[in-house]
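Next, two complexes with subunit A in common: one pairs it with subunit B, the other with subunit C.
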Partner chain A sequence: MNEVPLLKVSNLSVNFYNSENIDVVSALSDISFSLAQKQCLGIIGESGSGKSVTLLSLLGLMNTAPGITSGTIEFSRDDTTINLLENLDNYPLHDIGSISSIVQRQFNRRKEQLNKNFQAIRGKQISIIFQNPKLAFNPYYSIGHQICEMIQLHTDINSEEKVKAKALSWLERVGMDDPEARFYNNPYGLSGGLCQRAMIAMALASEPSLLIADEPTTGLDTILQRNILNLLHDLQQELSLSMIIVSHDLKVIQTLCKDVLVYHSGMIIEKGTTKQVLASSENKHPYTRQLIQCELNSVCLAGDILIQNVDNGGCPYYYSCDEITSRISKTCAQSNPSLHNIDDDHAIRCWKYHDI
Partner chain B sequence: MSKINIPRWNHKFMSLIENVKIIGIRNSIYLSYSSIIILVLIFGYFVSYFEYLPFDPEDLDLDYILSPPLTDGHILGTDYLGRDTFSRLILGIEAYLVPSIVAVIIAIFWGIITAVASIFTHKRVTRTLSMINDSILAMPKLVLLFLVIAIFDPNIFYIMIVIGISNIPSVAQLLTAKIDLLKERSFIDSAIASGISYHSIILKHILWSNCRVILFSQSAFIMGEAILMEASLSYLGFGVQEPTPSWGNMVQSGSNYLLQGDLWSSTIPALAIMLVLSAFYLLSYTVSRVLERRH
Partner chain C sequence: MINIAVLKPIASAISRELFHSITLLLLLSFFVFFLLYNAPGDEVFQRYLESHSELNSYDSHNLFYIYFIWLSACVTGNFGTSMVNGLPVLGQIIENLGNSILLIFHALLISVPFVIINIAMGFKNNFKLISTTVSVILSILAVVPIFWLSYVAIYITSTRFDYLPVGISPESLSYLEMLLPVALLSIGSGVLIHITQHTKSELFRVLKEDYVLYARAKGAKVYKHVLKEGIIFPMLHLMSHQVAYLFSTCIIIEQIFNWPGIGRLLWQATQDRDIPLLLGAVLATAFTIRLTQFLSKLTYIILNPRASHE
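Up next is the complex of A and B:
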């Protein structure tokens, strides 16, 4: 693969303060992945594992201090690569142990710099579909108005009639039953499925090269889920989009994505092609195995998976893991493994696959 | 296949009856009442501006002192010096209309700036602005007015500037609370993520689309309050001075003859004040009810 990847994230770390602002909580640590042109990448994991934070970081929407602390996000278009986290090192965050006025000031400067960097790609190159489409539309404007706004902002179409015709064509393309009438509907006048379709139309109206979907099918019934997924799949083929999909639903990932990342407690614990990760029964992280078992049996085999072994620096999955052997148990309790390549594209973060 | 006719709000001209059906009969009665009164006010302002008055408002006519309405061309009667009440009422509009608009503009403009600045800038700015707001709120309005009148002349514009400033905190507090709520909503995140610039988000998606209810109803409310303040100060003798007519000093001059049975010269300006005030307060009430609907 000599082709330049569309998006390359390396060593991304994001931190938050806890509720008393005296302690730093790691939301993401050392996230690295890359996304080729026209590739579809799935992200799965439990809630709170940092999936949505990753997506928000890709658009520079992290609004809490200290936010992104290190890493690079490289976005390529037309043979030029820009680092979206450029110049952030000009405002270093020394001593982020607890929030102080110095940290806050530095953070505000970083946020301004981030906004400046990201303004070039927001909407124009990367679009996002939010979890709850009804809340993601401005309730006081019609959906047509908001789609037209995107078209005017990001494409060369100027005349009002052409913009409206384009918006109608997008509404038709995402399968609205009566685009002419829906154009004037406010988001609260639409059903959940129609609203999700309108959201997809708005995200695609700016003709981006990367579409990010944050759990696009939660809250919809099974038939609608299937419809929306088919729609996303068809649109991806037609427009040769790249896509990142976050979902709790393994079937969604299986149908849509070629590659998949498994998240746990702010880290990628397994990455590889969907076939390797979700189908083969052999080499797997214990968490992924449990995830698949839950999906199949509707029964969770291990105990409380919320207890994480963070305090003494061991593997976060230590207390829930049922595959610890006597060979590795000491290492598991004391240190966190690194991602270990067991195949060409397949990497797992587990001591089981390391030589100790 | 026949298409179902879906009611549409904002793209096609609707007949009057359709509009009434949408906003409700009570709201449309209120709205039409206040808009008629406000149109009459504006018309009266221009009539007096171009001096198309039936009588000279400062012309004494001692044959017709304190005459009731409809005597010899005096439609609304005359006052204790025989001056035509109708002409003086029309001229009296000049005393408060433009000054109260100034008060409204001051209150709304600085209210918006205060609210937006206190939310989208640093904590220090927020704290300073809220301190200023609290100190304005703590000052009694009437004392502040008398202070300004004592320092400067009893000019109506100074009074209105004070009224405008004293209304900044209420507008700012309402807006701040609303914007604080909106800021956390995901459509703002979605707007940022789709590359809409920050000033367009603040002006269009926050202030215009979501806060215009507050802005309109507050401006009508402040307008009513400014008119009431002007009338009360003129009644007390601190506002517009005789012989220039204002509705407040007309009520005052007529009230000396109230107990002798000459009701008209003081009740008519008082009624006019009541009509105009109720128009503005009803407008404030109805605007918030009509615009708040998520059609």
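Up next is the complex of A and C:
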């Protein structure tokens, strides 16, 4: 692949303060992946593993201190590559005892800088679909008004009739039953499925190059899920979009994505093509294997997967892992493995595949 | 982007509000009249009937019968004549009510830019300290008794430095003269700090909403999206509900500044036992308060598409 990737994230780390504000916990550590033009990437993992945090970081929307502490997010458009995290002062992670006013001020400065960096990207280049479309629409304006706002903000169309016509054409394209009437509808007057369609229409109305979908089908019934997935698939083909889809539903990922990342406790533990990671039976991270098992049987076989081994530096999955052999058990408990390439584009973070 | 279909629920919501307001005023008027009817001392009610041009020819003592005649007289604007100076009540009320509304309106009006500037400063790091200091000072001034605060203010601005006039009259009025009573009414009664703090907390709640996050994700200006729920609605609500409170605080301010408003009229009528004037002033005040609440509700219904479905 000699082509410049659309999006390249390297070594991204995000931290939060814990509930007493005296310590930092790591929400994401050392996330690296890249996304080519027209590629569709899936992210799976349990709740709290950092999927949504990754998406919000891609748009610079992390609102809690300290937020993004290191890494680069490179975004390419029109043959120029910009680093969205440039000019950020280093966050003084070392002198955290409590959030002093100085640290708070520094955080506010970073936030301003982030907003400045990301302003050209948000909406125009990267659009996002949220999990709950009813909450993501402003309840005080009609659907049409909000789609028109998106068009006015990010495209060259400026006459009011043209903007409205464009919005209507988008509503029609996502399969709204009666675009003219829905244009004036308020979000609360739409059903969940229609609202999700309107959301997709709004996200695409700015003609972005990357669409991020945060659990686009959660909360919809199975038929609607299928409809929405088909819609996303068709639109992706038609508009040659790049997409990042987060879901805990493996079927969604299998239908839409060619490549997939598996998250666990803020780290990528496995990445590769969907076929390698989800379909084939050999060469898997134990956690991925368990995810697939849970999906099939809807009963988890191995212990409580919520126990995470974060404190003493071992593999986070140590306590729940059922594939620890005597060869690696000591290493597993003591240190965290790195991503190990076992194939061309298939990497796993597990000591099983390392030579020790 | 107005659609005819959205006007129907709005119209029905407005008519519902109107119905509530009229019912409330009718109940109040009956209550007031009933109190008068049962007033201790045999002559009070009798004297009132005799002073009223429409009622003095009826000698029936049926409460409801007299009430309806009295009410229809009130609706046509006949509140009787004052027992003290013999002038029609309506003229006095309109003049005095206008003066009071002038004060209250300005007291509420200055809170709008104040709240917006205060909130805006709170978001800028460099001005945070100023905004906090102002809030603290206002909180302290709000708990000081208003008559004491007024005399201190008059002493400082008028007696000591001879900058503002002590007494003011509506005939020769300038904004400079109105500054002190209006500021005292708004700060001393605590209305200003109340509106500021509640709007602020409401705004911070709204800023955490999902749709605000989405507005930022789509690159839109956040203030456009939070303006309605975060600033306009809470301020509208608070201001319309503070009007009743301001009317009662007005009595003190009007007494101190010798301002011929409705509060002073009420006070005077109570002192003189001028029943027609008292009755008229109470009804006029209630009507004004309800009217402002109705208007604020009307604005809310028009701005909020959900309100007409609530």
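What we mean here is this: the second predicted complex is superposed on the first by the 347 of 356 C-alpha atoms of A that agree within 3 Å, B and C clash if a C-alpha of one lies under 4 Å from a C-alpha of the other, contacts with A are read in each partner's own complex, and residues count from 1 in each chain.
FYI, a residue touches a chain if its C-beta (ideal position, glycine included) is under 8 Å from a C-beta of that chain, and two chains touch if they have at least 3 such contacts.
Just so it is clear, the structure is predicted and the values come from calculations on it, not from any experiment.
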item: Clash or fit, subunit B versus subunit C on superposed subunit A; value: clash
item: Subunit B versus subunit C as contact partner of A:L88, first or second or both or neither; value: neither
item: Partner chain in contact with A:F130 - subunit B first, subunit C second, else both or neither; value: both
item: Touched partner set for A:L168, first subunit B, second subunit C, both or neither; value: neither
item: Subunit B and subunit C footprints on subunit A, overlapping residues; value: 59, 61, 105, 108, 119, 122-124, 127-128, 130, 132, 135-140, 142, 149-150, 153-154, 184, 186, 188, 202-203, 206
item: Residues of subunit C that touch subunit A when the two form their complex; value: 1, 3, 5-6, 125, 209-211, 213-220, 225, 228-229, 303-306, 309
item: In the complex with subunit B, residue positions of subunit A that touch it; value: 59, 61, 104-105, 108, 115, 119, 122-124, 127-128, 130-132, 135-142, 149-150, 153-154, 178, 181, 184-186, 188-189, 202-203, 206
item: Contact footprint of subunit A on subunit B as seen in their complex; value: 3, 6, 8-11, 122-123, 185-187, 189-198, 205, 209-210, 294-295
item: Subunit A residues within the subunit C interface of the complex; value: 59, 61, 105, 108, 119, 122-124, 127-128, 130, 132, 135-140, 142, 144-145, 149-150, 153-154, 184, 186, 188, 202-203, 206
